[in-house]
Amino acid sequence: MNASIATNQTILVVGGGISGMTSALEAAECGKQVILAERNTSLGGRTSLLYRYFPKMCHPTCGLEINLRRLKANRNLRVMTQTEVTSVTGKRGDYTVTLKISPRYVNQNCTGCGECAKVVEAEIDNPYEYGLSKTKAAYLPHAMAYPQRYVLDASIVGAADGEKAKAACKYNAIELDMKTETVELKVGAVIWATGWKPYDAAKIQPYGYDRFDNVITSLEFERLADPHGPTGGKLLRPSDGKEAKNIAFIQCAGSRDENHLRHCSRICCMASLKQTQYVREVYGDEGKSTIYYIDIRSIDRLEDFYQKVQQDSAVKFVKSKVANIKLHEETNDLILHGVDTEGYHRYAAQHDLVVLAVGMEPESNGIALPADMITDSSGFIEGSKDGGQFSAGAASSPLDVNRSVQSATAASLRAIQVVHKTSATEGAR
Amino acid sequence: MTNANQQAVALYSNDFLREVEERVEEGEWVKMCMQCGVCAGSCPLGNAWQHTPQKLFMMIRAGKREEVLTSDSMWMCTSCYNCIVRCPRKLPITHIMHGLANYAHRLNLAPKGQPTREVARLFWNSLAKTGRVNELKFSLAMYFKDGIVQGIKNAMAMQSIGLALVMTKRLNPMELFGGHKCKDPGSLHKMIAKAREIEDRKKGFTS
Amino acid sequence: MAEMKTAAYICSGCELGNRLDVAQLSKIAQKEGKMALVREHAFLCNEEGVQMIRDDIEKEAVTHICIAACSRRSKTEAFHFPTVAISRANLREGVIWGIAEGEQHDEVRQEMAGDYVRMGCAEVKKMTLPLGNPNHAHNKRLLVVGGGMSGMTSALEAAEAGYDIVIVEKEAQLGGWAAKLWKRVPFKQPFAEPQDTGLAELAGKVSSHPRISVYLSSTIAETSGAPGRFSVQVKGAAGITTEEVGGIVQATGFTTYDINKLPELGGGKSANVIDQAGMEALARTANGAAIKRADGKEVKSVVFVQCAGQRDESGTHLPYCSGHCCATSVKQAMYFKDANPQVDTVVMYTDLRLPGMGEDFYRSAQQKGVIFTKGKVSTVAASGDGCEVKFRDLILDEDTALNADLVVLATGQVPTAGVNLEAWNPIVTAAEGGSAEAKQQRVEMQKTSVLNLNYRQGPDMPQLKNGFNDSHFICFPYETRRTGIYAAGPVRRPMDMLQATEDATGAALKAIQTVENASLGRAAHPRSGDLSYPIVRLEGCTQCKRCTVECPFGAIDEDERRFPQFNESRCRRCGTCMGACPVRVISFENYSVDTVGNQIKSIDMPDEFSEKPRILILACENDAYPALDMAGLQHHVYSAFVRAIPVRCMGSVNTIWITDALNSGYDGVMTMGCKHGDNYQCHFVKGSELANYRLSKIEDNLKQMGLEKERVISHEVAITDSARVAELINDYVAKIQEIGMSPMKGFN
Amino acid sequence: MAKKQYAFYPGCSSQKGASGSNFLTSIDVMCDKLDIQLNEIPDWNCCAASIGYAEGGELPRLAIGARNLALAEQHLPGQDMVSGCPACWLASREASERLNGHANLMAETNEALKEVGLNFKGSVKPRHMVEVMIEDIGFEGMKKPVVKQLQGMKIAGYVGCQTNRPFGIAGESFENPQYLDKMIEVVGAEAVTKYDQKVTCCGGALAFSEPEKSQKQIRSIVESAYDHGAEMIVTPCQLCQANVEIYQSEINKKQGTKFAMPVVYYTQLLSVAYGGSAKQAGLDGHIIKPKKLQDIAGK
């Protein structure tokens, strides 16, 4: 992609999840020039790995399809994948950004025919399945990947597999000598839509995520429920592939906890309520779900969903922060210990699978933000002091998809204001 | 001692939370509890608690002074510190439990003859006397805390262990006569008395 | 307009060359497709292939091209030729990936590919290149209805981006609800203390902004027109003024739920039971000093009752949660503690809801000594000088009571959204039917309208749920059902001030976007950028009004002669009108009864003894068609007897296509639309539902034709159903083979 | 090479003739091999443990803790205070952190300390012997002096509470600390990694006051060791050692179990591995004889 297209009238959006795509598209559909930089190999972000959305139980990929169509139809928007922002210098309306583009080892000649994947033998943990399954080291990220191009995992570059892949490609799409590129661009405004990552569940020691196979995260559970996922939509537990029919959902796994994340992650209550309905979808009354919670936070009309799930005889609610989990060695089941604080009921409850509703940590924790950036105590981004860089979606605060998109749309307007003003002042000159 | 109680009641009228905040070790943390219950589930002797820590905090906020201070729940604390490390609000729960027990004991509202209360008292006395705990005297004292008869029973019950410890040189009968101690217990007593005096002044005990 | 020159390009890459007889496909394009130019290429999407096409367009003056290669969803950058009409024959995802491999299938696979080439050629010949709606509307001013926090934010944010704004506020001053607050909940860290609302500053900026003009004590008498050319009658003290604007933001806010409806909680019974609004009033009077009750007594103890008349499952009060009330009560409890730490402040809740950094605000209140009690309040009654709050303490598990000088009920937000169209429409029908009573009701209802739209579908925006103007879509909160009109703030959804300002900014952007699109004659979301627009041949119109009634976006009015009057910039290009029209006079340049009808008729229909049924699939392009593509990608093998055509929306399916298909010998027709019902997926609101309704009517036609009703079947298909579509197809093919070939074959 | 110097705070239970006296003997051998020199704090006093709370109250307990710290500060300047007993370590560290964290408490405490002619500046760092082993010696360092492999022994590492919570050993988790298992491997024995009672409370001081309740704890601690095929339990804690070893006979008597699970200190393991005799390792100090360990030591 050539740097010359960018000027101080260009808006850079960092992150190609639903927030980033929204910010980019909304601005582009107002006629602005936009560059969308995504670190991963394809757009879609976290939500493309979810099975369904609450409260409608509709599929994230449906919205992704529309956004991709908008994006394909819009010439104001340029997408750069495997691209990270390494520095932002300059000032509001006149930034110079440095982008690091990692090699895909596959160029735009790729037709997505898949011949390379057929010949490559090496397998890697599927990065789009939280490592729950393997994929060939030459792979199409997922069924709706955009760009619809294969990726060669660096591990086979310089190995026999890499050569095999190259030989199998009729279209000279594979470039084993592709190098990391660095590009400098001029942009007027930057929108950080870097999103969130699940809190490292292993740090919540009493729940033994690192010790017990059948303690998983809510995001891994999404993959299990997804027909495109590693189990083809069957709720099979990791230890023995047994159907999980008595599932515990533990709320505030990391959230609202000064030993972990001091904030409430907002979405987890609804996510677990939603996931109890996955269990019902598969097993009907057979599938039991129990939600261990402190406060159920189903705000505005989402309350209806909570009330609906409360009516579900297969779902139980226990007002309790689970104290610890012990392994039942014979069965690989888990015993949850704690006290239901409504009244006083001590329990030692056995479940065949435990899903930790892990909290949202800003993905930007761990990437170097420009010095000028203001973040809160949890690392969520407020924006830059000079008012030319903004945050959108879950990068700005723990938000659900709907609110993320609102936030992303608002961020586009703020960015447009910046480029509008620079053009106005330049016009005046 | 009861007058200490009456005096406290008078002083704090019906604001038990404030009383706890000002007079109980780490009491100012009680208001920060968010009732998640992780402490209740983490306690190894949990099922022996009539009122779990989180519930005690709620009772304090609800002004249930009598119930809280006469409860024997906090006397069940083994000081395992599970509650402290798991509390999402970082309340020093173990210390608050100790503080409540101490305060109840101080006002003489704690359950009479509550075994741990007795053990704690004996232990302290043993250490305060010489500066070091004398395990033999401490144990004997314990066996006889409920009177001679019960004492004999207890001692008999534990005889084998006692003997075994003697055999293994881990309980020295000679300790009865003298044994380990700090050089100048006298000044040590003064130090402890001084510390108590300051604490009473600070917490507004007149008795 | 230069005359049509057609070309077909057949790719043999991606194994197409090995699995298909490309030469034969070329022949089909030439002989049957009647393509002037036919070229094969081994790698059509690479630079060379694309250049070849570009050259033909420039040097050979090609105007219509059919690309027979991969799915229309693939390689869109390569096959981007904005100056010509394009059709795509889906040979890769649609044929060689989805159909069984191996020689025994060569014949049927080739036949399928052949038909797709025929269809591609047939389609493109009926297309013309869309050039955009000629009635461009260029007005870029924006109207903001409501001068509260949301309205002022929308106005200012849009003005700062260079757009002119008109604000209409019904009160005598700006500020709305926010003006009643003493302080607000913090937006930024530290999330610890109540903050100044910043309203005065905002109002100042708004009233002094060169691009913003404000009408106070004014309402809207009528709104007519369309994005880019709305005409708004503003009714003020000075009479009626007309304002021309391009887009509208409705930020009309909310009122609080009336506490008189909560007598069991002392609402309207005791002067010492107030709502959060009343509490703000007391705080403003105290202005930082000790807070006094209406009767002047200083408040020494206060209880906040959360969810008062909210989250109600009995059906008497608000069923939803207003979201802001927990934080608001926490803030108000701080008012007391900050003025006098000795005041007993209890917040009584069942689920405390302070998401995000609200947790810090909660902690801060506890730090200040606010007591939080998890309890369910049964009654509040006057007692002595104050109130007695009876409640069940859920933690201590006992029924108990608290006495307080003052009780604050956290009641919910009730939107000011205007007329509920679901109630409106039947009344209008009755009124038009001549019912005097209905006419009267209609007049009364009209009085409550906010926008007074003169649209065929009613005077205000449709409401989603509980009277709020929210969008139905999670990914698209601004997907409005009235193009160019966007709800912002608590009229969209119960929300706090931070979200309202965020929402108002987003709505402002969408309004800006509409006027920009309208000025280019382009469609708005979700077909944003689409230059095609509905064209009607009025001479053929029978004034049946189906199009005006069924348009989900109220784009079509009726002129004085009762002919449909299209407002293209309100139109979202779904084609529902096209599907509705019994005389088929509505079409789009690149999507019409003919573009699809021609494809249907173009295929090579085997005779009834061939044992080769032909089944037509009409698939929604947003969910079902991608699912079919992915079935191919993931090699969920399905029958080669089907022929799939993507449609913009099930709503655009004209039943003539189905009857034509059956007449021309198809053995079955499958429609694949998206989910309908309460949680419908259709981005054109009712498309799949309408299609279902229309198909139910088709049975009679089938009878007349002497066909089994199983010959037409419709399915709800989600985009994730890639495996399921293959099953559906194979099951249906089996079913058709069971009932036998269509007797209609060979009659034409 | 110069020996590492520490201000040593043995604590009441590790005095001669006390329940943990064999810990003291074993620690000597171990330290000698590791070039650690422990200088006993002159005239140290009891830490008041946790159980001291009821009668002691806040400030007296802090004063008692501070006295030891002050003594170390005065007599063994610059040396970290090291304690083998978790209770002593915990009380000292709590005292030092609370006092350093609250100027007023520090002042009040020093006012009391005046009575014994002392003043605490807050400089000395109270550490646990295990911290010294891991942070100053390191597992590699622990390996060096090993002359006897405890080949074929299956040992359950029982960490207990107070070495582990609330402060714990840096880098270890409260729920599943690994260091004892690593020490067991250092001496060539096999660690029972699946041992799930690692951090279960033995009942602590309530062994005296609430025997039934604490013996229930002890039972599960011992039982799980048996279930996971351990032939011995190793612990860093005096009270844990005493409770878990001593009360097995009681439990057998009352509940008809046949427990005879030896419970030793990690210091004893190392002493034996470092070539110490059974006596030097204090193996004679057990009611339930660690037979196999004695044999190895005898070889």
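Note that the chains take the letters A, B, C and D in the order they are written out, and that residue 1 is the start of every chain.
As a working rule, a residue touches a chain if its C-beta (ideal position, glycine included) is under 8 Å from a C-beta of that chain, and two chains touch if they have at least 3 such contacts.
All values reported here derive from a predicted model rather than from experimental measurement.
Annotation for subunit C: without this chain, the others remain one piece by the touch definition.
Two chain pairs are in question, B-C and B-D; the one with more C-beta pairs in contact is B-D. Here the chain at the heart of the structure, going by C-alpha means, is A. The distance from the centre of subunit B to the centre of subunit C, each centre being the mean of the chain's C-alpha atoms, comes to 65 Å. Look at where the CA atoms of subunit A average out and do the same for subunit C: the two points lie 24 Å apart. Subunit A and subunit B have Cα centroids separated by 51 Å.
Residues of subunit D found to touch two or more other chains are 174. In subunit C, the residues that reach two or more other chains under the touch definition are 374, 395. In subunit A, the residues that reach two or more other chains under the touch definition are 206, 256, 319, 324, 341, 344. Every pair of chains meeting the contact definition is listed here: A-B, A-C, A-D, B-C, B-D. Against subunit C, the residues of subunit A that register as touching in their complex are 18, 26, 29-31, 51, 53, 56-67, 69-70, 72-74, 109, 111-113, 143-144, 148, 170-171, 226-228, 256, 262-266, 295-304, 307, 319, 341-344, 376-378, 380, 382, 397-399, 401-403, 405-407, 409-410, 412-414, 416-417, 420-421, 424.
Residues of subunit B that touch subunit A in their complex: 34-38, 40-42, 46-47, 52, 54-55, 82, 85-86, 88-90. Interface residues of subunit A, counted against subunit B in their complex, comprise 206, 252, 256-260, 294, 319-324, 337-341, 344, 346. Taken in their complex, subunit A has these residues touching subunit D: 205-206, 208, 211, 324, 326-327, 329.
Of all the residues in subunit B, the ones that touch subunit C in their complex are 17, 31-32, 34-35, 54-55, 58-59, 61-62, 89.
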